[in-house]
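There's a structure below that I have some questions on.
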Amino acid sequence: MGRRNSVNKKQKKWLLPIISSLIPVMLAFIVGSFLIMLSGYKPLEAYSALFSGALSGKIAIMNTLFATTPLILTGLATAIAFKANIYNMGVEGQLYLGAFTAAFLGFTLQGTPPVIHVFICLIGGALSGMLFALIPAILKAFFNVNEMVVTLMLNYAAILFTTYLASFPFKAPGASNATTIDILPSAELPRFFQGSQLNGGFIVAIGVFIMVWFLINKMKLGYEMNSIGRNIEFSEYVGMNIAKKIIVIMSISGIVAGLAGAGEILGTHRRFVSEFSPDYGWTGLTIALLGKHNPVGVLAGALLFGILKNGGSSMELMVGVPRSLIDVIQGLIILFLAVDFLIHHFSLVTKLKERFNRKKVA
Amino acid sequence: MNNIEVVNLTKKFGDFVAINGINLEVKKGEIHAICGENGAGKSTLMNMLFGLIEPSSGQIFINGEEVHFQSPKEAIHQGIGMVHQHFKLVPSLTVYENILLGEEIVKGFKIQQRKEYEEVQKTIDHYNFDLNGKDKIQDISVGAQQRVEIIKMLHRNVDILILDEPSAVLTPQETDELLDNLIALRNSGKTIIIITHKLDEVKKCADRITVIRHGKFIGTVNNKDVNQQEIAKMMVGRDVKLDLQKEDSERGNVVLLAKNINAYSDSGSQVLYDVSMNVHEGEIVGIAGVEGNGQSFLMNALSGMLKLESGEIIYQDNSINDKSPQALRDMKIGLVPEDRYLHGLNSTMSIRDNLIAGYHWRKQFCDFGVLQQKEIAHHAKDLIERFDIRNCDNTSLEVGSLSGGNAQKIVIAREMSMNPNLLILSQPTRGVDIGSIEFIHQQIIEFRRKKKAVIVISSELSEVMTLSDRIYVMYKGRVIGERLTKQTSKEEIGVLMAGITDGEAKFGE
Amino acid sequence: GSTESNANEEGKIKVAMITSDGGLGDRSFNDSGYEGLKKAEKELGIEIKVVEPQDVSEGEKYLTQLAQNGYNLVITLNLGHEKVLKDIATQYPDTQFAIFNTEVEGDNITSVLFHEQEGSFLAGALAAMVTKDEGVNNINGDSVIGFVGGVDSPGINKFLVGYKEGAKYIDPQTKVIVGYSNSFADPSKGKEIALSQIEQKADIIYQVAGATGEGVMDGAKSKNVFAIGVDSDQDYIAEGNVLTSVMKRVDIAVYDLSKSAQSGKYDSKIELGLKENGVQLSEMKYTKDMINPDYLSKIDEIKEKINNGEIKVTDITKN
Amino acid sequence: MDELLIILHSTFRMTAPIALAAIGGVFAHRAGVLNVALEGMMLVGAFTGVMVSYLTGSILIAVLAAVLSSMILGLLFSVFGITLKGNVIITGLAINTIVLGLTAYILQVFFGQRGVFSNPKIIGLEPLDIPILRDIPILSDILNNQTPMVYVSLLALILAHFVLYHTKLGLYIRTVGEKEEAAYSVGLPVNKLKYISVLIGSFLCGLGGVNIALENVTMFVEDMTVGRGFIALAAIFSGQGTPIGTFIFSFLFGFADALQIRLQSLNIPGAFIQMIPFLFIVLVLTVVGIISVRGRTSRGIKNE
């Protein structure tokens, strides 16, 4: 206790969240190492593969950032809506539509100058994400229809729809799965470095992060999101046009989700591949919650998941730890992160101390 | 012997000391009043007695035995009951279900709803409260909810009864009934602690009075040894003017005119019948009426939250029938709503942010969509100073941690600082200490002096009488009378509030 | 770059396989490939490794790292890797790559293509004959057969089209009821679709739906009609109720590739159809005796015609 | 007409797992705990049921084990989400991830199987032929010869309604969810009530798992619940947390799904037919929304 008190306040401010997020990760690794041992692998070997795979060397780090890219965007998309207490669970679907639109513009707009072409595709992806998010937004704003249900349902529809598009009207000739033809080179988000998949999508993600950060922390709309998120009736009473705000906020959320999809297509797949997303939307949801709807928190969470993903595949490649076990460890980390150990611990310690003191007096 | 003894009790919220080494002795079979300004720590102290929060240090003895309540359950077990300042009722449940919560009457597994209702209604009738056991909490007025809270405790037959501002929303008659009942309970041997800002009530029922200020014990006195002025001085630490002086004022053009408005509630019953009223520049108009007679709906209609069935509301020559709250604010109408924690404040938002809510888009605070944090912080500091809001040096704290009176001052400060042309206040001083009431009333009068129009809706008859130039009385959704304050009396308005008219109104326009 | 591809101490040949979506345990495509690889390990004494990426975007990393780690042959079963494979193959010229179900050009790339439509054609033909044969199981006289696919996509419909053509070849009046489960892991739904098709008089249902297909077979079993398995020999899953399975010998292909790894001589393209026995019907261990032997000879006849080009089966992915 | 009866019969089958999870989830929902782990709880029930049935050959023990495993998960959820005050949505999502990985992992490490586990030794539950019901004309076509969990889901509906609205437990659960301070201030054991609510939910999810893996089919497939837990969640929200409303929406979904399967024989691209259940729910909610907004006189959207 004494030592903790001696840490001065300024230091404590940024140290606390770091410590409090390290504890759960450690706990998860400890539980995970039992499982790893059970299946006959060496925990230390496995974990060192995980960390070196994710963090040692330029390529490893770049690949981690590559894995982080879509998660930053889906995390932000969710966080924006959640901040205003709007449960946009439809990021996955919005992402798919954004992805398809980007691909479509990417392979149709022949002769567009490179940079402009990329921009058009990104904007197209963003807009279709937005339009799709408008459906639940309008239903919520004007008919008070639960947006969580609508977005959940529309996800399925979006995935089915894009799969249909890639299987029938836009199927690449000769392809034996549901993919479109390649986008034109002018629409590609360039890679930074041969040997790593990290590409311009990361810049897009960071750009969006900065804008969202500014929006939430500095702008009028951020203030209103915060207010609506905490008490919608109050917000209405003091004159915020809730219906309009819901539509605006969901639109922004949809734009970011659409960008996530567009970025994946233009930077990674370079064509539309049906069901390409390994639940980016859902992971984004977890990240948004872990980051407490706060852009910086989302960034940190996305990074953690990027490390786990990139490191996880190294763990499989190098050590042979089964993929299912990597899922379990990831789940454990999330589970432990759900709890604010330090703060809880803190209050527990304080409580005990108080009780003890009181006993002494008595 | 002392029924309750508190020794050197301290409560800290973080670095803030809310209760600072308080000693308190409550004798068995007495009515003990606790007085103090808003934020003095009265509720905090009582919450510790009831096990809602744990003390940081110090001791509590009940009947001579030291207790360490971990939860209200243990306090209830010791025969303590508490009527909370902030209601702890379940909106979707009925009155009787709320009253019996935790003490249901069951047969097998099944709750005997009929029997429960009958039993509760008996208690309600016994205490002569105006309540229907079958109503849902969400459908009844705040005053009625307060009555439910009181009955909830009376029904439980507790030995020690703590009441935290029980009369804040009661009608004068009900308050009288309540006080009589408390005295009767005291006479039957119960111990009662009552917190109230209304010194006449204190004088009427208390045996002894303890005053606290800034979390510190100031003194315990016998009721018969002091007068109201002296109690007020102990509380505030200076002399307080208990009655308000206001000069005459010349009234100007009509600012707001409501013509025959009719409205229905969401559940489909008519709540406003042909209501007509007006306000002029430089005039304060009071709306009097027993809680639940349509004032809240009138307020909602005037503030754009309730759609009208028919009739018209005209503000500065424009119809504002279909205007949203947003539009009304743009037209310089300020609103102080009745339910401060639902509509007036965003309790988990910071003090600073609450102080600009609804005006955050103004050039002053927001430039090209970007908030001017410096200006906002400065604005907050300024208002806190001007409106004497206590315990909020740190304006990034949540507003929910403020005491009731200070929270109310935040709303008033926000609405007044924006300089509206028409200010509509509903229950502006509910739960506010006398020092602050004096202050708020002065602010309202100052407003009138600037030739602005004010509507005050209050169930506090004395408040309506002191502030208003003209009074409308509402009864069952109608305006049943209109009087000039100078030409009427408290008694006459009281009679009107009970729905009794002798023919036509005495004063017409 | 400089590959660290020093063949390991004992000079063993190293072969790695990357699974396709769904990974191991699909009891069809991926599992079959793994069988072949295990067989190669045992019989050829090579070192093997199987890895399962989480999603298609990880393909590049897996391919690169396996090449870097000195595998002589890297096989990917995931056709989604076609785009990245081209680049990686030029970067690691000393490594041989193989990809299934799609054609990628490159000096050190082998493309393995299956003519699933041909096997499906046989299945369709057989089904069209058996469905009128009232004596067997609960077969009715109507010419109605069913098909359950995982998703409505070219990869699946390739099977469907062959199946339909086979059925129409026998009897143009044969009606094929088609259903999709929208998931490869939903046996409940598979069964429900099967039951619905059976209700509509279908008595032979071809499933191309991964684990969802297990439900289809279960449904066929519960109503004592027939299902048709896919990819590997699934006849054992519901003995006597799986008429036959359209086997895709991924195992053989993988085994042969491993063999090439030993010799160091690779083909650039391997097409596996009926002719090459890369696609075939199962031996029908449990059902052979239940049906009219004439049907089987008819099937052999059709097979011959396909092999010699007399019958052309449409490959929908080729357009 | 016959066609309709068949569809209805199949509707009940397809509704059962969703309804079981949803009605179970209603309790936690009413206690103010958003349980997104319904999915994982069902999956673990399915897994354990199949494994235990395989190992013991006793369906009774299998069902008990399924329920038990699901309730252990409920306990884990409660410890993290309620006692340790973790964010319940994160906790729920984490549990889903863990279950998905762990079932696959156990299957692989201890049973040497991947993906699918089916074996003739796995004993399932058979449909019931109920004497009186058998003779009631139309009803027997719809409701007779269903598997036990279909009847359990109907029973659960009735019981859930009774418990929530006519017993102390239900009243307390509703109180905790609606106004926790009210419950606390009269001395109700708030956390205990939340635990109970979550556990009731996991109990029914366990049975939902049994329905999926030991009734409809007798096998385990990784991730075989394929989102039914989330559909259940949607049903709870659509049904506004009442058992009856929740059941109705579960049923509507089951019906649309059953209908969808029949409609696939139409000559329309599969994707559009398969969208029907999802779009149908959105449509119903929109209609309900339009109707209820029309009747309102007050402006704006209320706090949840």
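All chains are identified by letter, namely A, B, C and D, in their written order; residue positions are counted from 1 within each chain.
Here, a contact is a pair of C-beta atoms (placed from the backbone, for glycine too) under 8 Å apart; a residue touches a chain by one contact, two chains touch by 3 or more.
Here is each chain with its UniProt name: A = ABC transporter permease; B = ABC transporter ATP-binding protein; D = Sugar ABC transporter permease.
All figures in this text were calculated on a predicted structure; none of them were measured in a lab.
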| item | value |
| --- | --- |
| Of A-D and C-D, whichever chain pair has more C-beta contact pairs | A-D |
| Centre distance in Å when chain B and chain C are each reduced to the mean of their C-alpha atoms | 75 |
| Averaged-CA centre spacing for the pair chain D and chain A (ABC transporter permease), given as whole angstrom | 28 |
| CA centroid of chain A (ABC transporter permease) to CA centroid of chain C, Å | 36 |
| Residues of chain C touching at least two other chains | 23, 151-152, 182 |
| Touching two or more other chains - residues of chain A (ABC transporter permease) | 156, 160, 163-164, 167, 231, 233, 236 |
| For chain D, residues contacting two or more additional chains | 104, 108, 269-271, 274, 299-300 |
| Complete list of chain pairs which touch one another | A-B, A-C, A-D, B-D, C-D |
| In the complex with chain D, residue positions of chain C that touch it | 22-27, 31, 149, 151-152, 177-180, 182-183, 185-189, 191-193, 195-196, 199-200, 211, 214-215, 218, 237 |
| Touching residues on chain C, where the partner in the complex is chain A (ABC transporter permease) | 1, 23, 49, 51-58, 60-62, 64-66, 69, 79-80, 83, 101-103, 151-155, 157-158, 182, 317-319 |
| Contacting residues of chain B [partner chain D, same complex] | 50, 52, 71-74, 76-77, 82, 84, 88-93, 97-98, 101-102, 104, 106, 109-111, 263-266, 268, 300, 304-307, 309, 324-325 |
| List of chain A (ABC transporter permease) residues in touch with chain D within their complex | 35, 38-39, 85, 139-146, 148-150, 152-154, 156-157, 160-161, 163-164, 167-168, 231-233, 236, 242-243, 246, 282, 285-286, 289-290, 322, 324-332, 334-335, 337-340, 344 |
| In the complex with chain B, residue positions of chain A (ABC transporter permease) that touch it | 218-224, 226-227, 230-231, 233-241, 351, 354-355, 357-358, 361-362 |
